[in-house]
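First chain written, first letter: the chains are A, B, C, D, E and F, and each begins at residue 1.
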Amino acid sequence: MRTIETLKPGDSVDHYFLIHRATQGVTAQGKPYMTLYLRDKSGDIEAKVWTVTNDEIKMLIPETIIRVKGDVIDYRGRKQMKVNQFRVAVEEDNVKLENFLEAAPLTIDEMSEEIMTYVLDIENAKLQRITRILLKKYHHEYYTFPAASSHHHNFVSGLSYHVVTMLRQAKALCEIYPILNKSLLYSGIILHDLGKVKELSGPVATTYTVEGNLLGHISIISDEISQVAKEHNIEGEEVLLLRHLVLSHHGKLEYGSPKLPMVKEAEILHFIDNIDARMMMFEKHLKKVDKGQYTERIFALENRQFYKPETLD
Amino acid sequence: MRTIETLKPGDSVDHYFLIHRATQGVTAQGKPYMTLYLRDKSGDIEAKVWTVTNDEIKMLIPETIIRVKGDVIDYRGRKQMKVNQFRVAVEEDNVKLENFLEAAPLTIDEMSEEIMTYVLDIENAKLQRITRILLKKYHHEYYTFPAASSHHHNFVSGLSYHVVTMLRQAKALCEIYPILNKSLLYSGIILHDLGKVKELSGPVATTYTVEGNLLGHISIISDEISQVAKEHNIEGEEVLLLRHLVLSHHGKLEYGSPKLPMVKEAEILHFIDNIDARMMMFEKHLKKVDKGQYTERIFALENRQFYKPETLD
Amino acid sequence: MRTIETLKPGDSVDHYFLIHRATQGVTAQGKPYMTLYLRDKSGDIEAKVWTVTNDEIKMLIPETIIRVKGDVIDYRGRKQMKVNQFRVAVEEDNVKLENFLEAAPLTIDEMSEEIMTYVLDIENAKLQRITRILLKKYHHEYYTFPAASSHHHNFVSGLSYHVVTMLRQAKALCEIYPILNKSLLYSGIILHDLGKVKELSGPVATTYTVEGNLLGHISIISDEISQVAKEHNIEGEEVLLLRHLVLSHHGKLEYGSPKLPMVKEAEILHFIDNIDARMMMFEKHLKKVDKGQYTERIFALENRQFYKPETLD
Amino acid sequence: MRTIETLKPGDSVDHYFLIHRATQGVTAQGKPYMTLYLRDKSGDIEAKVWTVTNDEIKMLIPETIIRVKGDVIDYRGRKQMKVNQFRVAVEEDNVKLENFLEAAPLTIDEMSEEIMTYVLDIENAKLQRITRILLKKYHHEYYTFPAASSHHHNFVSGLSYHVVTMLRQAKALCEIYPILNKSLLYSGIILHDLGKVKELSGPVATTYTVEGNLLGHISIISDEISQVAKEHNIEGEEVLLLRHLVLSHHGKLEYGSPKLPMVKEAEILHFIDNIDARMMMFEKHLKKVDKGQYTERIFALENRQFYKPETLD
Amino acid sequence: MRTIETLKPGDSVDHYFLIHRATQGVTAQGKPYMTLYLRDKSGDIEAKVWTVTNDEIKMLIPETIIRVKGDVIDYRGRKQMKVNQFRVAVEEDNVKLENFLEAAPLTIDEMSEEIMTYVLDIENAKLQRITRILLKKYHHEYYTFPAASSHHHNFVSGLSYHVVTMLRQAKALCEIYPILNKSLLYSGIILHDLGKVKELSGPVATTYTVEGNLLGHISIISDEISQVAKEHNIEGEEVLLLRHLVLSHHGKLEYGSPKLPMVKEAEILHFIDNIDARMMMFEKHLKKVDKGQYTERIFALENRQFYKPETLD
Amino acid sequence: MRTIETLKPGDSVDHYFLIHRATQGVTAQGKPYMTLYLRDKSGDIEAKVWTVTNDEIKMLIPETIIRVKGDVIDYRGRKQMKVNQFRVAVEEDNVKLENFLEAAPLTIDEMSEEIMTYVLDIENAKLQRITRILLKKYHHEYYTFPAASSHHHNFVSGLSYHVVTMLRQAKALCEIYPILNKSLLYSGIILHDLGKVKELSGPVATTYTVEGNLLGHISIISDEISQVAKEHNIEGEEVLLLRHLVLSHHGKLEYGSPKLPMVKEAEILHFIDNIDARMMMFEKHLKKVDKGQYTERIFALENRQFYKPETLD
């Protein structure tokens, strides 16, 4: 079966897709139509259902899987699907939600195990304890949430996968530059984005919560660390340092960190985070283009296009 | 007795002053000397003690009151005092620390009473309760701390005096623009800078604490509100809104707010804060210059000079 | 009768509307059609007349009131009206232009009277005289023009209404901060935007004049004050100060003020102006959304969305 | 006689100089001393009179010519003069103020004649008339004032010399690009900086006037043009265009123009102005250094250093 | 025959045009259509061929001349052509490619001759030699390439025409400001954009090459000069200076110059370049509008609109 | 022997030091004195020789080793040395220049060997060949030059040491993110700063050359690669890509890269470079302060101070 990513204008489809978003419209002739965002593991596509009954409208709701017959066209330079016929999937179709969601390349168990080996490397007892408590408290969300609603790591388990690859970087840097404190850097990485479990709505059809909009994941996690420390009577400068790492991890005030990095691990955490996000975006965008071609402009990479060399892999 | 503010190059002094800061130096001839920052209610002045014994050096420490005979000179365009003779004040001198500290024009009781009338005007029960609890918890610091280590309201009780005049503004604005919510705006104003009781070291010889440097007063107070709400089982959107007001009160990310204002009271709180700080700086700097003259460049007012009209009061 | 503000996709209409703007187009099939911006007191809406004769085209001109039968549809996320049938209103319909124009919540008489009480509070004779002369010279425009062609106070009498609420703020601030000079601040507020009577084309279908584009309202009013002073032999620093207030009232060079504020009343005028504009935009945008919802992004508020709390009024 | 420009640390002097600025100080030993800025045609130098009587202090005032015996030393990387002996010049010395002031390389008559040939090339009668009237009204100041208190053309007649070289550029550009309107461009150039005759205090010891600080030369000249037009009943778009040229000639809002250029001659005026100022600064700074060397950092040239090639003239 | 520039919505056409770009689309009904950008000497226009066979699609390729019958319509405020009928031009039609390409107002011979007179004025032998060698090496491209793919001088021979008018400016400036070194300035102007012969794909249907995207014309020409100097054993500071001029000619780091101007001729080259580009854009955009009107917003002129005066030519 | 780094005001010294810079001054009393910058492996210090003969002045020149008896004093908050007595070191003293220069922690042989193992890992033959040729051509300079005249890696062999630690980072990243091309990234890292061997004057008393100032190391190395490729007939996209990496390695136009990164290895090279420079600065500054203290403001780290935790190593 062809995936959304590989569809081209002119293709016909007869596939199952997940409805990600759905909005109703009215044509110039006054008839209702539906605009859907359909999804599979490989990506998503805008689709139009130009002829639709009131009963059908009620079926076309987010998180529903439908079988679609249709055509892929080019609309103002972007792919669009014209839905000629559809029906809602039934049990007998034997299609599962998870097959339509993009997910991290590691399983939850693999990630959980790998992260735990880093937790054990946190030699400072206070930092290890806070990290463990919070990992436990939000275990489910931590291993299923995406790291963002768009841009990078915006897939199921994106949050924990982001942490895993960041920790791998941190380990290498601690070996190259022994003045880095492993305990502080590892605990900072593991917790830095944990506030997203409250800032975002969940792993599917992810949006921002009111709490996310009004406080932001940075203040949320700073506060969580503070609460955990108080409840478990963990005191000392380490709590301040750990909060400082999460507060400053965006690296600049204008990116929403209320404090600039003032300890070296805070500065390095910011860089590791940035590299990991960029590598994930490179992977996502470069796989869509052929050698010798350019990606589309990538907003989160300062709106640059990237070139995929002809001669190198 | 002439105050520091009114001293001019050429004046001789024989007064009591408070040592605010003291650092030791060595002259080109290899002898020790002391640089002091002396203070009275009206301001401060750099002073040099060119001849000083080791015993005297040990006496010249911050928060000590000394009696000084000396001369005021002009050193590269700034006033400096040359200390010819000094002694540490003794009980019989009957001089008191508070007489050397600049303070708010209202007494603690006056401010406390006025703020309480606004607290009673907070109709939302949750917001009033959080406000009351925090005012009580930090009562002493709240009514004695300055609002900053320099720039504006950097005097004893500056923090609470700043709140009082902001509340007066808020009251007027709520009358002119009835869509403003009084409960949210008043509670936000009363608490917005409360984190400074942990960010700053205290009312005298104020510096930044490590906690202040690593977290900042914005994150500190956001966390305090959250803790209080948890401990007293206060739940609901109001807690989020109040935290949002304090998080966003600097108005711009680059000024250290991790979130931009997203509710109208947050936006207005930022403006009220800004106006009050500016009025205080106008008062402080304009009283130093004559009519028809310009103030020095004021860093916190975008490094502008201000003109004091000849013809208007 | 439902207002434009409350119309929703799917609604049918049979109402009178004012044509605000009208442009002719040609369909892909080569036939003419008209795009109209229709208006009532509550707002405006884009409308399409897909079938239209040459005679009808000549009727569909700005500032005409028409009766429309049509349907409201959703076009790319925005409301649009499909005009099925229309006719130009006639005298018997008994509909009046002023019923289709948004206007200030106070009458011209109320505003004129209130502003005059402030004029009487201008104790400095020169400032009062200049203010009176200019208010008289442009009385009609002053009390009917909007304060802008879009963004804030863009309604009939918006200019004078903006001044009224700013004066109310100024009065409160002069009480809280007695170092403010009432004469200078009041006269500055009353005149600061008066240049708009030449910069803008008028109260209806407001556009920028060539003079407005080439000079701007700031230079226009600075020049008017200067002319009035010369003609009436009013001399002295006060004239400079008043011109300085209007020249600097945008607060920053990049906002089009050729001088930054250098007297305290100039700085405060800028803040009062800013608060009043923002309050007006909050009122306009928040009334369109339900509690617990966000406004659309508001360009003039740094493109932010604002949240309307669930729990507070 | 050696000029200030060519003095080097180690040199002794016995020359006449003009006192440009003078401030009194007090040494660490409590004795008075004077700091002078001495000037000749070639530049200025800071000078110290360490031993000075009260009577002498009264003689050392700006715009006085004195004869100095002294030594040039290096103080923190800058030349300074130590005054060992001095006396005020008397009539018999036969030294004249104008011999100590840097001036334009053309005489007033030469400049006045050259500018008049351009005035005659202004074909548009209204523009020519306004230009003539203003040139006449401020003839004396126009041909003696500097163009700035520092940076570029900060010498006697700098204002008119700046205009002359700009007009030469304009003439060349009008030939190369015939779409430029000569009348508008010439009149704009002649008047663009005329406001400086009120913004600055005069040709010697130039400072900013209160009017200059509060209004700025841009608003002053815009207003002058407007007054002249009114008094002489000159009406029409040309008056607007000419005012637009002077209002926009700084080219950017952040440089103090309240309007960006909107007609092509306004844009080009800004460029001509910029080139002429830069050429003058190149001339002033490069003549001070040897081939193969760099100038000091030049603030008004974005703080850059410039290199004087070894191999080219 | 009417040119594209003068076409208006409502016009019918029956003309020859050059296909500049062509992309295929599919209508909502699933049928193919073509979007063309058609060109003549005066400009270009978007055109739609709604009904098109597969054979026709193969004919509609860039650099083909076709004869079109169609209608001009207004599509969302921009002119669009609806192609009702077309055929590919044949030899008998006697239409030539060059008649459809906008070109410089001077012939190649005229430009080549004029540039050569400036080359002869380069008195420094090394600079003249490098200039001659590179002019010879890339003679063909130099006199046919445009100076850009869009914005300014984006027509056949635009590159050399841009150089010609810049040299005329340079000559005038060297006369007005004799401290400018003619040899360096002339050679710098002649070579500054020569890297575009590798950065751009050619005179027709111009795009960026991979080399252009990865290196940019500034680094390309710097390298060419260096190679030529090495191959011909031309050594000395002049080579550095010439490379500095081309490296710094964008004037600011953020415009892609790796070095800011550090010699006066580099600074002036940047200004001459800027003026010439702006004059070309004024000419192009102002000729499209009537007196008393504004141009559209011009992106490369900081998105400003320009006004064409009523009263002046 | 105590090192410069550990000297404190009040200390006496009787040590050998290297003269790094020397400038002559004249005291207020008109006598000559010398200001020296003395250096040892640990850092440098300003020193004053207040009494000095003309013969002695001639001895006190950069790169001379002298034996000094003197006192360390505090001058305006900075350490300064007062030289009471000195003599130039002679052969018998047996002191060597290299003992006074800070150097990389690895020997040239160690670095050369380690870099060569990475060269062997460059699988692409063209990239390996260019890298080898350039490493050989500039072998001596490459392994002795610093990476900068100040800020980071400003010590002997700093250039190659910077490359070694960057390569270690690159190796780790290529393992974590296999989509990175090792050949391109390694060759880019090895060559990225090689232009500094021409931009800087050498390993001791490093300044910028004229070539460095006018062209910059980025353009110099881009050109070197191009020359080598031409001379050895190495063609193909790889040469472009390698040049792109060095051209874009500053990451932003405003940091002097004429092109922004457009291939993923270019982006990552920029990050690796940045991390390595920051780690080196952390090491240098944090070792100077005690636990619980802050470093001074570090200009190259956005003028931030960094905190050295009490509780963590």
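Just so we're on the same page, a residue touches a chain if its C-beta (ideal position, glycine included) is under 8 Å from a C-beta of that chain, and two chains touch if they have at least 3 such contacts.
Chains and their UniProt names: A, B, C, D, E, F = CMP-binding-factor 1.
No experiment lies behind these values; they were computed from the predicted model shown.
Common neighbours of chain A (CMP-binding-factor 1) and chain F (CMP-binding-factor 1), listed by label, are B, E.
Equivalent interface to A-F within the set C-E, A-C or D-E: D-E (over half of contact pairs identical by residue number). Averaged C-alpha coordinates put the centre of chain D (CMP-binding-factor 1) at 43 Å from the centre of chain F (CMP-binding-factor 1).
In this assembly, the C-alpha centroid of chain B (CMP-binding-factor 1) lies 40 Å from the C-alpha centroid of chain C (CMP-binding-factor 1). For chain C (CMP-binding-factor 1), the set of residues touching two or more other chains reads 210, 213-214, 237, 241, 262-263, 294, 307.
Taken together, the touching pairs give a contact graph of some other shape, not a line, ring, star or complete one. If you check each pair of chains against the touch rule, the ones that pass are A-B, A-C, A-E, A-F, B-C, B-D, B-F, C-D, C-E, D-E, D-F, E-F.
Those residues of chain B (CMP-binding-factor 1) that touch chain A (CMP-binding-factor 1) in the complex are listed here as 210-211, 213-216, 218-219, 222-223, 226-227, 230, 237, 240-241, 243-244, 247, 253-259, 262-263. Listed in rising order, the residues of chain B (CMP-binding-factor 1) touching chain D (CMP-binding-factor 1) in the complex are 9-10, 48, 50, 71, 73-75, 77, 82, 292, 294, 307. Residues 23-28, 30, 210, 213-214 of chain D (CMP-binding-factor 1) are the ones touching chain B (CMP-binding-factor 1) in the complex. Chain D (CMP-binding-factor 1) contributes residues 124, 165, 168-169, 172-173, 176-177, 179-181, 183-184, 236-238, 241, 260-264, 267-268, 271, 274-275, 278-279, 282-283, 286, 294, 301-302, 304-313 to its touches with chain E (CMP-binding-factor 1) in the complex.
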